[in-house]
Amino acid sequence: MADMSFPLLTATAVLPALGAVATAAVPAARRTVAKWLAFAVSLGTLALALVVAMRFDPGGDRYQLTESRSWIADFGVRYELGVDGIGVAMIALTAVLIPFVIAAGWNDADPVEGEKTGRSWRPTQGFFALILMVEAMVIISFAATDVFLFYVFFEAMLIPMYFLIGGFGDRAHSRGEEEGAKQRSYAAVKFLLYNLAGGLVMLAAVVGLYVVTADQLGEGTFSLQQIAEARASGELTMGTNAERMLFLGFFIAFAIKAPLWPLHTWLPNAMGESTSPVAVLITAVVDKVGTFAMLRFCLGLFPEASAWATPAVIALALISIIYGALLAIGQRDIKRLVAYASISHFGFIVLGIFAMTSQGQGGATLYMVFHGISTAALMLVAGFLISRRGSRLIADYGGVQKTAPVLAGTFLVGGLATLSLPGLAPFISEFLVLVGTFSRYPVAGIVATAGIVLAAVYVLLLYQRTMTGPVEKPEIAKMPDLRPREIAVVAPLIAMLIFFGLFPKPLTEIVNPAVEHTMSDVRKTDPETAQSDAEAAK
Amino acid sequence: MDPVNYLYLAALLFTIGAFGVLIRRNAIVVFMCIELMLNAANLTLVAFSRMHGNLDGQIMAFFVMVVAAAEVVVGLAIIVMLYRSRHSASVDDASLMKL
Amino acid sequence: MSALNASPDGAVHNLWTHAAEAPSIEYLQLSPALIVLGAAVVAILVEAFAPRSARYYLQVGLSGLALACGFATTVGLAVGGYATDKAAVVGIGSLSVDGPALFLQGVILVVALVSVGTFAERRLEPVAHGARVDSFAAQPASVPGGEGEQAAIKAGWTTTEIFPLLLFAVGGMMLFPAANDLLTLFIALEVFSLPLYLLCALARRRRLLSQESAVKYFLLGAFSSAFLIFGIALVYGYAGSVQYPVIADVVDGTVQSPSPALAASMSNDVLLLVGMAMILMGLLFKVGAVPFHMWTPDVYQGAPTPVTGFMAAATKVAAFGALLRLLYVVLPGLSWDWRPVMWGVAILSMVVGAVVAITQTDVKRLLAYSSIAHAGFILAGVVAMNDRGISSVLFYLLAYSFVTVGAFAVVTLVRDAGGEATHLSKWAGLGRRSPLVAAVFAIFLLAFAGIPLTSGFVGKFAVFAAAAEGGAAPLVVVGVLSSAIAAFFYVKIIVLMFFSEPAPDGPTVAIPSVLTTGAIAIGVVVTLVLGIMPQYFLDLASTAGVFVR
Amino acid sequence: MESLIGLLVAAPLLGAAVLLCGGQRLNRTGHLLGTALAAVSFVVAAVLFFDMVGRDTDDRALHQHLWSWVPVNEFQADIAFQLDQLSMTFVLLITGVGTLIHLYSIGYMEHDERRRRFFGYLNLFLASMLVLVLADNFLLLYVGWEGVGLASYLLIGFWQHKKSAATAAKKAFVVNRVGDAGLAIAIFLMFTTFGTFAFGPVLDDVEASGASQATLTGIGLMLLLAACGKSAQVPLQSWLGDAMEGPTPVSALIHAATMVTAGVYLITRSGAIFNAAPDAQTVVVVVGAVTLLFGAIVGCAKDDIKKALAGSTMSQIGYMILAAGLGPIGYAFAIMHLVTHGFFKAGLFLGAGSVMHGMNEEVDMRKYGGLRKYMPVTFITFGLGYLAIIGFPGLSGFFSKDAIIEAAFAKGGTQGWILGVVTLLGAAITAYYMTRVMLLTFFGEKRWQPDAEGNMPHPHESPKTMVIPMVVLAFGSVFAGGLFKWGDAFVNWLEPVTQFEHGHPPLSVPVITGLTVVVLLIGVGAAWFQYGRAAIPVVAPRGSLLTRAARRDLLQDDFNHVVLVRGGEHLTRSLVYVDNKIVDGAVNGTAAFYGGLSGRLRRAQNGFARSYAVSMFGGAALLVAATLLMRAV
């Protein structure tokens, strides 16, 4: 099944990895070279990702562009790559966002003057190298169809992320440079340990999976397809409890990454302390691995257990939606506000996944993509704002749109996307998730709908407090508007939001078949409508 | 007489030695106690050798003695070194490293 | 001796009749150990007769050569099939040359070879009176700070005895996992322990700490070996022999026509159980498992760092090898009795090691505690009681030993006026000042933490998988949780190195010679290769993972 | 012809895009472009209208399918337009009035440096509003629905430097969001019930769909909730008053003529569902009745001319909702009143704007007085609008409102009587407060006050661009009703879409008409009695309890403030505390726990070799004991 043609997916992942190495190797004095190199590499990766999207045939097999080599035969681990529509969408999202992240973070990692460091200390090179490294690892984990392979990169990507968060926070901190550094390393450690703990729980489950397969199939395997086939043919039957334990092991790890209430508290710290491009990287790219993995691994490997856990998961998702939104309203810090908003949105994604309807899961997938874009837009503009004023506190702003109308305008568009205004992309995904949920769990659907009202509240509160009102503070009176580089970063994002808001078909076309497969994994079909009942009755 | 008694004696010696290690401060004495434990082992070996009627035990006893001798060499060297540098052979004084 | 217990009846008579004919010794299979021990003897002669000026070079050359040859022959034997189908019990039944033995001997030899580099390193210490010196005392016998020491330093003396000591230790360690009877086990233990006691005492800086560590190590080590030998005596009393196969038969009760004495003693399980427990204690002491771990932090901290690295790596390898053979060859029949105990020890080691390490402030102590936790992880693999258990432990030891040697080698580089700056506060901001060293150390830490793409992760997975297969799922859970705790302090160091401002009086990173650089490089390479492309070594471990019986 | 429909939307959309992204260089010409594009849209509408009239009644509806929007197997949403008589009516109203308001704004916003953006927003509004009325499925309608919400948000908050404006804008959007949520849920229900939400399949044959009565009622109520949000009906009316913070043309276009009537459109459009769900209809009628009184009462108490008019808007829309709730006997009249109201209310607002323009943006009517001499045109046009809204016989308001009152009576039974009386009462109050406005503003002696800068206002007639629209609208206010009534032209025009059945009121039509005229005169008389003769204090007297309540929008705003705003603040604040101290506290607590444990455990490592020996010895003992124990058990 694995066509041994050109390993496109591997190439897509390897290119940024090599780029990372090259970028890191650029001499300390040649910062600009490193920046352009990294940017070029990210564009190259984008090109490859687009080729992947082109080569992908929505009508074809479930997994395409597959590669399969033996890796650690001893554990039955194979280097198996392959993408379904969802994978393609996520890889494309990653590849699209990274160039923006790099461009937005252009000057975020320039070394501070008067910092006594060794000759070979190269923060800028490191920054961009780490970003590319994360991209490579994320792409692999989106493409991996071998559980172990996925796990390896799911865990490994924590390390570069950890350095990005801990090493390159906002220079501006409301409570001074010193406190800032402390907060930053706290956030980084919290991020790493929280996710590592989740990952280790998952490791136990992975070991368990290995034992189960080894026990029943003679030799252990982690290949999604093999396991699926074995289950289908009845060779492999997990005991109910075993399956549930394994499911929990996986789910907890993903719920932390996603993050789902009550395992979310690392996100506000991480997003708050890191520079906004890194924050985008966290919430728009890395966290998506969690929700993606729920869709592919939790449902794919443990359908019965997923069905068993659905009520609880939906409850948690609903809590996340409402809780996240309410906390976002209560925040004083712009970035933390966006973080809590993201928590609310991840609630929607999880809700859609576990609604187990094609609208819900399709919507969830689109949600991952669109939330990525919209958060990127909002967060990056917020970053530009913060870099101008040197403060993250909402109270330090007001009346910005008088002095920097373009900044305010783009910020508003980002905000409107976040509250999923119709006509912008997120609306479609959110509506699909809600419809999908409602058609199976009406009450849950209605509760979740309350989330859209709250979203309006926190977004517009933020806009009102920062952008409108009289200009009272001198820093704002002389605040410059967006620079060309910054406009170049935001404009395409907004364009994408509008385009997909009106014409999401390119995405839905590749996502729908994949969702059908997932639905068949969990042996679910969409609920019947009264209409069709009536027709059936006739 | 019943060789089992030798076992009891050996066990007694071993226990005495062990407790000596636990309660005595002087490094030399502690070391002597360890030697005592080794000899208790020797006694046991010999006794069992006798009971089983093969010579393995006795031969091993010789080995143990040699080992003990070697330990004396090394041990005394170390203890003397300790004594010279701190003018005390108390084990408890050597407690710079803790926690 | 095989002749002796071949026929339990009429022992005295046999002694005479059999002593006449010379026993046959399989020199080929024994050659690795013989080479090393022989070289050790030669090294002593060098100490005796070679002029001071020449000794250093002679010793380094000799040790390096000997260890290299030893490794070569080991590989040769393995290739020659002595690890698998030609595996045999040799030396009149006292040693067994088989897969695990050769594998572990190979590991020990390479570790030792690398350690020779760190032992011989002379670039780190500041030049004393025009002489480049290593990190060992000029004249150990002299009083610290006394004029004797001053004179020795002025004379530019160095303790070249470390090399023969190292060789003896290595020889003992090679015999330890190969020992096929309890006596050899005991002898080998002493042969590698005694030199280590001495090596611990030889630090050039902070000699009081060094001596203290030596005393503690010696007393406690002797204490534990006393238990060991007493346990051996009891088991001998039970089985009437110290040969593994024989004891195994007796334990399984499959011995044909036992003599009346044996029949009598066999009926008394208490002998066996108590003896077994004491022997286990002796071995667990060497691997540094809770509650026999307390020497580890002090000794690791006080001993000269190159010695610590060697000891931490090689001793664990040797001791776990012996433990495996004992449990898998001699006592499988008793597994119902010792498995629960070992479970407890494993859990304790994992948890205590990880938890106590959190609050450590000295790099070497911290690594010591982490080694305790790792002993716990390895024990989890040991108690699996299946083939994968053996191979996973072998692989883990391979991975762990190189990470350890490398890590301690890095520790030797970070120095300030007082020698090595081992206090963590000194490491603040190291990443800013010398990113390369910090990055390398970070890699080792991540490997300790078991992050994917490092050898540590593969090892951990192998061990846990074996344990889970062996029905020890709870151990896996505990292991996972304690590795989560452990991750905390590994991360703490990384934070310190990269994210905190460099201390004004921070240490400098010495530029080492090729010796240490090589050691560290090898460590990094092995760590990454075993992390990314482990297949070959896993195969090696699993083919080697069969004991000869 | 179909292809033209897209153009209706495209023109203003293009305008919005160009004006908002164009940047400074368009500052000088932007407003002209915006107005021109609005006019284009109107012309296209006219063309389509005459084409439609040209075709015979049954195939007047036009369809334009642009592209498939969101296809996820069952769930199929298209970007497709449907132009039938109902849509057509709205399109004409929107583009027509819209164009006039654009024209008016040229003058009104002359001195605002952000005029370009203002016109951009106006165009955006037109586009969204047209999408709303042209959509052929509820999801696309939803897009327009929130689109106008956005435009209204931007325009209310146009003077963002005023805190009050920003707040009002946010309030409007959020309150509307509540309604939007209702619309969303209605769509969910439709999807789960009919498997689609396109107008055709859903509305054509509701009975056959096998949908339960409960479901239909649910859908109806959710639609009503949406309507309440958009059309400022009780209980979601609170935003409309504050919305007057926006520039007056906005109030005229969005918050009088077009957007606020979207609710009426929604209910009329989905009439099929309401017809099948009588309970829902009853609720609609009740909401309408309550609101028409509520708004009227509020209108009586306000001294701010725009707020007074806002109250009246609420109440007039109450009429429409009520009519729509009556079912087939009411739909047509609802729409008819909607159109006429569009004319005269827009006219009134523009007049108000013109007055404010002349009075240094003063809005307090108590500081007006005697303006008829100074701004004659404004006076006349405003006056005509006034006569129209109070339903002076012969003017358009008279016909449309009278029709609704008849229909209300025709509902039959006690319901019919109650509704009839309510509508009559409403008519009386309307007459009262509108007369009050008229008197306070244009009659009596000057009560002008210097503004903040201390310079006295010297009122003057507004510029041409402002006057023309007022005049045009005045014409509409006068004649529209008559034209519509002429041979029931309007009813027949809408009949194919909304159905129509003649209601039979218990009283004969002339009687009802008589009654209306009577209550009208009563209202006017009362107002003259109070404000016509006596001098008016510049500072409002304390007034009766009701008056004071009415000034504060009958206290429902205070209710919202206390319950929702304050409550919400407390909730969020406490949740933040919970998140930091409890949820996150658990995390940090675990870390702290291990730290403490570690600190305690490491004390065992006390540095004394002998104590280490003890632990070894103990360990050995344990080992032995354990092994023996294992054997024992």
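For clarity, chains are labelled A, B, C and D in written order, and residue numbers in each chain start from 1.
One rule holds for everything that comes next: a contact is a pair of C-beta atoms (placed from the backbone, for glycine too) under 8 Å apart; a residue touches a chain by one contact, two chains touch by 3 or more.
Composition by chain, UniProt nomenclature: B = NADH-quinone oxidoreductase subunit K; D = NADH-quinone oxidoreductase subunit L.
Everything numeric in this text was worked out from a predicted model, so none of it was measured.
Chemist: Which chains are in contact with both chain A and chain B?
Modeler: C, D
Chemist: Farthest chain from chain B, going by the mean of C-alpha atoms per chain?
Modeler: Checked the centroid distances; the maximum from chain B is D.
Chemist: For the interfaces C-D and B-C, which has the higher count of C-beta pairs in contact?
Modeler: B-C
Chemist: Which whole number of Å gives the spacing of the CA centres of chain C and chain D?
Modeler: Chain C and chain D have C-alpha centres separated by 80 Å.
Chemist: Could you work out how far the Cα centre of chain B sits from that of chain C, in whole Å?
Modeler: Computed value for the inter-centroid distance: 24 Å.
Chemist: Which integer distance in Å separates the CA centroid of chain B from that of chain D?
Modeler: Those two chain centres are 97 Å apart.
Chemist: Measuring from the mean C-alpha position of chain A to the mean C-alpha position of chain D, what distance in angstrom results?
Modeler: Here chain A and chain D have centroids separated by 37 Å.
Chemist: For chain A, which residues are shared contacts with two or more other chains?
Modeler: Touching at least two other chains: 193.
Chemist: In chain B, what residues contact two or more other chains?
Modeler: 18, 21, 30, 91, 94-98
Chemist: At which residue positions does chain D touch at least two other chains?
Modeler: Expected reply: 591, 602, 605, 607, 609, 613.
Chemist: On the basis of the stated criterion, which chains touch which? Give every pair.
Modeler: A-C, A-D, B-C, B-D, C-D
Chemist: Write out the stretch or stretches of chain B touching chain C in their complex.
Modeler: Counting only chain B, the residues touching chain C are 7, 10, 14, 17-18, 21, 27, 30-31, 34, 37-38, 40-41, 44-45, 47-49, 51-57, 59-60, 63-64, 67, 70-71, 74-75, 77-79, 81-82, 84-86, 91, 94-98.
Chemist: Sort out for me which residues of chain C touch chain D in the complex.
Modeler: Contacts found on chain C: 215-216, 219-220, 223-224, 227, 269-270, 273-274, 276-278, 280-281, 285, 290-292, 294-295, 297-298, 336-338, 340-341, 344, 352, 355-360, 485, 488.
Chemist: Give every residue of chain D touching chain A within the complex, in rising order.
Modeler: Contacts found on chain D: 20, 67-75, 79, 139, 142-143, 145-147, 150, 153, 157, 160-161, 163, 165-167, 169-170, 173-174, 177-178, 180-181, 184-185, 187-189, 191-196, 208-212, 215, 568, 571-573, 575-576, 579, 583-584, 586-587, 591.
Chemist: Can you list the chain A residues touching chain D in their complex?
Modeler: Contact set of chain A toward chain D: 190, 193-194, 261-262, 264-266, 323, 326-327, 329-331, 358-359, 362-363, 399, 401-402, 409, 416, 421-423, 427-428, 431-432, 434-435, 438-439, 442, 445-446, 449-450, 452-453, 456-457, 460-461, 464, 467-471, 502-505, 508, 512, 515-516, 526-527, 529-534, 537.
Chemist: How about chain D: which of its residues touch chain C in the complex?
Modeler: Touching chain C from chain D are residues 591, 594-595, 597-599, 601-602, 604-605, 607, 609, 611-613, 615-616, 618-620, 622-624, 626-628, 630-631.
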